[in-house]
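In the two complexes below, chain A is the common chain; its partner is chain B in one and chain C in the other.
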Partner chain A sequence: MDPRMCRKISSSESLPDADNVEYEISNITAPQESEDNFLIEGSPEPNSVTWLDDDQIDELDLNLDQTNLFFHRVDSADIIYRSKKKKCKMVGKYVMGDVLGEGSYGKVKEMLDSESLCRRAVKILKKRKLRRIPNGEQNVQREIQLLRILRHKNVIELVDVMYNDEKQKMYLVMEFCVGVLQDMLESSPGKKFPQRQAHDYFTQLLDGLEYLHGQGVVHKDIKPGNLLLTLDQTLKITDFGVAEALDMFSPEDTCYTGQGSPAFQPPEIANGAEQFSGTKVDIWSSGVTLYNMTTGRYPFEGDNVYRLLEAIGRGEPAPPPSSLGPALGALLSHMLKRDPSLRPTVQEIRRHAWVQATPPLESGERMVMPRSRRSDELHSSTVIPYLVERHYASAQEYFTEHDLRHDMGEGGSRTLSTAELSDGESTRQKRRWNSSCGRLPSCRLT
Partner chain B sequence: MFNPDINDYQLTSIITECCGGVAVVYSALYKPSNQNVALKRYFVDKTKEKATLIQQDIMTRKELQHQNILPYLTSFVNGRELYVVSPLMTFGSCRDILDRYFHEGLPELACAIILRDVLLALQYLHKQMFIHRSVRASHVLVGADGSSRLSGLRSAASVAVRGRRARLHRLPPPDHDNANLMWLSPELLEQNLKGYDERSDIYSLGVLCCELANGAVPFAEVPTTLMFTEKVKGSRPQLLDCSTFPEPCLDDGEMKSMYNTDSGVGDTADGVTRLRQVYATRKLTDSFHHLSEMALQRDPEKRPTATQLLNHLFLKQIRKTDYLPGLIGRVKPIKPDPNDMSALLLQQKMSEMDIEKTTEWDF
Partner chain C sequence: MPLFGKSQKSPAELVRSLKDAVTALERGDKKAEKAQEDVSKNLVLIKNMLYGTSDAEPQTDIIVAQLAQELYNTNLLLLLIQNLNRIDFEGKKDVAQVFNNVLRRQIGTRSPTVEYICTKPEILFTLMSGYEHQEIASNCGTMLRECARYEALAKIMLYSDDFYNFFRYVEVSTFDIASDAFSTFKELLTRHKMLCAEFLEANYDKVFSHYQRLLNSENYVTRRQSLKLLGELLLDRHNFSIMTRYITNPDNLKLMMNMLKEKSRNIQFEAFHVFKVFVANPNKPKPILDILLRNQDKLVDFLTKFHTDRSEDEQFNDEKAYLIKQIKELKPVEH
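Up next is the complex of A and B:
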């Protein structure tokens, strides 16, 4: 049959079983752009098949309407559908889920520990990509070394490190987090948090920083983009790529290199000082972070990195807007002192009036929730569809309307609507469930 | 009061090894008052990471006072070992009773009495703003008077945050073989933003219903990840009888894998056939089925609370005169075991000799 006859039918309806099944016609399938290197499509179709994507199919339809020259008639009931699959992939004892984010070094994906069922995130580092980043490999080594020693509620936990020499990949298995403060800020009105919420995060940041500085570790890249939130709203300081462990026996906290993000750098680094106090860098960056979380702006702005650094190096920060109130304004000014020695320590910040009292939620203010991922506000595990594929993969991957009608006990010859097709699939799905539950006689479906 | 001194306790038998070999439970005689107690001995060296959990267990039990929760008497350190003293629960854990005497499950009335006691414990715990998070037969201990007490408070968590009830999102601390996961509710295992609350314990109670009635734990022989997807998809474990276990639809091989119990008769083909027959020919009351179905609902909001379940018809059948030890007559109480005692005495002497070894031999 002529492949052009076929129309892609897809259903966006989610099935009651929460299993999203997409229908694709088996002989026209969008080229499986591996959004994921692990997805190796073992497609059983003959090689002669042309793979088209949606736009191309639309164009084909147009052509057909215009020319309408020759094609074999195919009963729509004979069109072969295929349910889209998520291939289950294991790395060690972990089951891979969807991509959570992407960085210059590689991807961050969700994983599930198949033994403890604990949700995890994994940073996948490719050696090839790492080599292209200045100090890339060195930074990763340092991050692993530091994270192995650090243990605190507000510092991200490195759970496991795995290597795949063949693929030249490294897997850093971490605690699972639902969101980055940066993303939450971007999606919130005014790109800021209510003071109540900012206060909660800031005090947790202080706890984490106090621990780090107590351990002689300077983070040097504190910013909303490096602050994550777990399911229970615990803040986690992450990305220790440019962090530094201070000399334990030196009374000073002198550092020599700064590689953090420009907007959060203090004047001493912007001016290229050869050495500077490490902990006070974190205080400044935390000040900029607090400024940003409560105002939606930055104390220094510039059209480009050079202008920005110039502004930080020479100017005074934009005074905190008076709408913040005197307490927060004073705290920000104190943390953003040009002279590092005048900036407060973590302990001093703790005793500050704004930190001591929890600000109330003003009328009209709403707490910002972690941005929902793919319309899933609950941030449910993305590993489940892969597990379903693994445990319930049925032999009958291809099916036609005939099959569905048969399944539905309908002898009629009318064409099923897309909705019915998806319904058909849902009964099929149920049947599949039942048959798999047959092995579990003590179970039944609700 | 009980003295925190090992010399006041005479070990009388080994009850069980637990926590993946890091702890052993002994029965012992508390010499000053001639009372029987249980001593749980932790090898602290092996449990570095878990020390905080033992501490948590003790702290929680100190805080709680209820006739259906295993009380804490005292604890002390001797050498490199930590001892925790509790009252002796003469008939052991329900898991031990099932494994040794009731492969096909306990009689219904016995289940009802045990479940009522566990529900009383849960009602109290939930009122105190705790979630137990490991309700399972091995944590239900039966005392000489036939009353059951809930133990395993190491995984209990407080839901009180600044005096208010909060929802939890994390898994309980892992046990050595992750077996605890089989009893946990789908919403707890899901670990999403919605989190879970005390109704998660009600689901575990439902799994306990099946465990007590069937002998085997639901999902025991399937991979952990399959158990997880089954629960998330809403498939419910069931009580096995002629209504839920029609005999012909299962072939032997699959049966075997489903209903192996870890010990004894269950492992042999004969045992499996016998179990099948028991399940397929017996009939459990509708109210028991109903209770377990209510507790095992996928949607936590639909599950009844512990208080509501205590008024369930299935538990109403218990009369004041019903006596658990009478219903489970074949279960032998834990008694001083002369063989264990001589072994323990030897062990004690050996350890004393260990100390003496430090004095050098001088010829």
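Up next is the complex of A and C:
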């Protein structure tokens, strides 16, 4: 991708700022909630609802404004914001979608490759923000350099890198993922996974780690927050900001700096060792990750970072709860050995009984699913609405509450609720449904 | 259970009748045609037991365990593989499916079929020799790769004399057999990192003298694939000691330098990734250094013009620039 092209396209359009997009999302979710209220309250007495068309609503608003402001109380859920329309924005050959997540460096958004139609995620890095993070710019450069060489099923793939000098932004285009293990853990009961699920992720983590170490790369920041999942539940190791490439010709795997997240650091780094075995750091962090995924807790805790590092430095992890079973308990203790040389290698972990046998899903346990920002379980593309707007936009300058309801509610739930309405209402409803539906390309074709 | 017709056969009965049918097929007398039919029919029944059908679930664990036990007791798996070429087209595929399913079976941490095959390594050797026969090669390949996923079975195959037949199989003229054999070969050499490293170290001379033949093969695909695999093997840190050994041999360097000049750009490119290791090595032995010094100017010139159209590939360009710099700065060791 030629960076100049990217600059040209993005500067020639007047683009909504990233913040506006955020704003839009919150706008749209609000009416969706109000719809639920409407169904509960409205359905028992359908005839009490009077349907007005847009002009009438406008008139009503005008009248109210002029006459009695005191009684015109609108519930916050009913407010229709005059939202900015979803304006289709391109960066290079990619169409931008909604925000997937946020980090200290900037946002992560969904994108669609307009040539291959592949779903992608883009990490948008702002130079201004990067400078504020210690070693920020260096870490990004290193990450790009490493990701360019790495190619494995369980390592995130860097698809493209684009620069926008004018806006001082950098775009890292990557494989599309639906969730971070960290977020899934936080949303699950007890902040942990069933052993069956943890086992699945852990074995994939081992595959990825074995590959990385084979390529002479030490990740140094393995934790649930850096493990992503794709739609088909493939685990991807991400964030190589503090990773280090080992010297190809040195038989040792000595590393000199540790910059990972405190809770996942091994005792040798907590104690400030000047050099240490790199691969054993990853083994330790993977152990803490497994501990965290299966118990919802951490082997070391402290009121603040210093206490935490002090506890880690002593190297006596909280014994894994006996409810985990002897096999997993033994594996965790082995991976969390204070002496790095006593920790197992990836291959030894693979041969461990707990890894060999797939644990069954206990009764009452449920697999935790990745949650999307918009509580959309199907994780449908957020780029589509922008494309619809771009190619099938109506002349309508604003949306009414009805339109928003129709746009949000998908087929099934819509028909169900119309059936509950009285005849007269439902025909009107249907007409509206059709007309708002006409804006969608698929409906227009029929 | 079907509404009409006879009730379902037990696993023991099924295995027995399949065994009888295969034995009849092996004899190849007048009844061969009938036997062929029986083999196919029974294979489908066994397959359905394991996988289920569109209207039936797979059988319960107990039935499957009985089935597996019967298969071990009667040595039917070996018999099936030995007679694979006599079984009809669909039947061959069913054998592979049944085999792979039974192989994957786990009881807790144990894999009973893997343990069984460890006691009957003929199964593996028969499968490997399947590459000699065009009509069963790909079925055997499917089963072999499933076996290669298990370290214990991969170890038996790697350390067997039959392993060296792969150097012949990957070069056969039938393209699909050669590439199937190559993917099995690659799986065996890369899947279990520690096992592979130990194997390559212990059998370094034998393996690499065979490997040299692949790199010099008449067959373009063989040459290119084996060169690519060589690069992957050497650049994997698990094979550190193999890499250091490989890059001290001047013959290997000469071979790579010749491959850099090959007609095919793909081969040139793969050769570059092996060649760079020789140059980047900070402790180059004298013979290696001598060759590089003798060709210093030529190499700098050659590399400067080498694949200049890969301007998109930053990684490659960085590496190339690094190599050019290294070669320019080479100095003879002082004594």
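In the analysis below, the second predicted complex is superposed on the first by the 309 of 446 C-alpha atoms of A that agree within 3 Å, B and C clash if a C-alpha of one lies under 4 Å from a C-alpha of the other, contacts with A are read in each partner's own complex, and residues count from 1 in each chain.
As a convention for this text, contacts are C-beta pairs under 8 Å (C-beta built on N, C-alpha and C of every residue); 3 or more make two chains touch, one makes a residue touch a chain.
Not measured: the values here are computed from a predicted model.
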Partner chain in contact with A:L231 - chain B first, chain C second, else both or neither: first
First, second, both or neither for A:V95, with chain B first and chain C second: first
More chain A residues in contact [chain B versus chain C]: B
Contacts of A:G214 with chain B and chain C, given as first, second, both or neither: second
Partner chain in contact with A:Q356 - chain B first, chain C second, else both or neither: second
Of all residues in chain A, those that touch chain C in their complex: 145, 148-149, 210, 213-216, 246, 248-249, 251, 253, 345, 347, 351, 353, 356-358
Complex contacts: residues of chain A adjacent to chain B: 17-18, 95, 112, 114-119, 176, 178, 230-232, 369-370, 377-381, 384, 387-388, 390-392, 433, 437-446
Chain B residues touching chain A - in the complex, by the definition given at the top: 168-171, 174, 178, 181, 189-195, 210, 214, 216, 218-219, 222-226, 228-230, 232-238, 240, 244-245, 249-250, 254-255, 258, 297-298
Residues on chain C engaged by chain A in the complex (per definition of touch): 106, 108-109, 151, 192-194, 235-238, 240-241, 244, 277, 280-283, 314-315
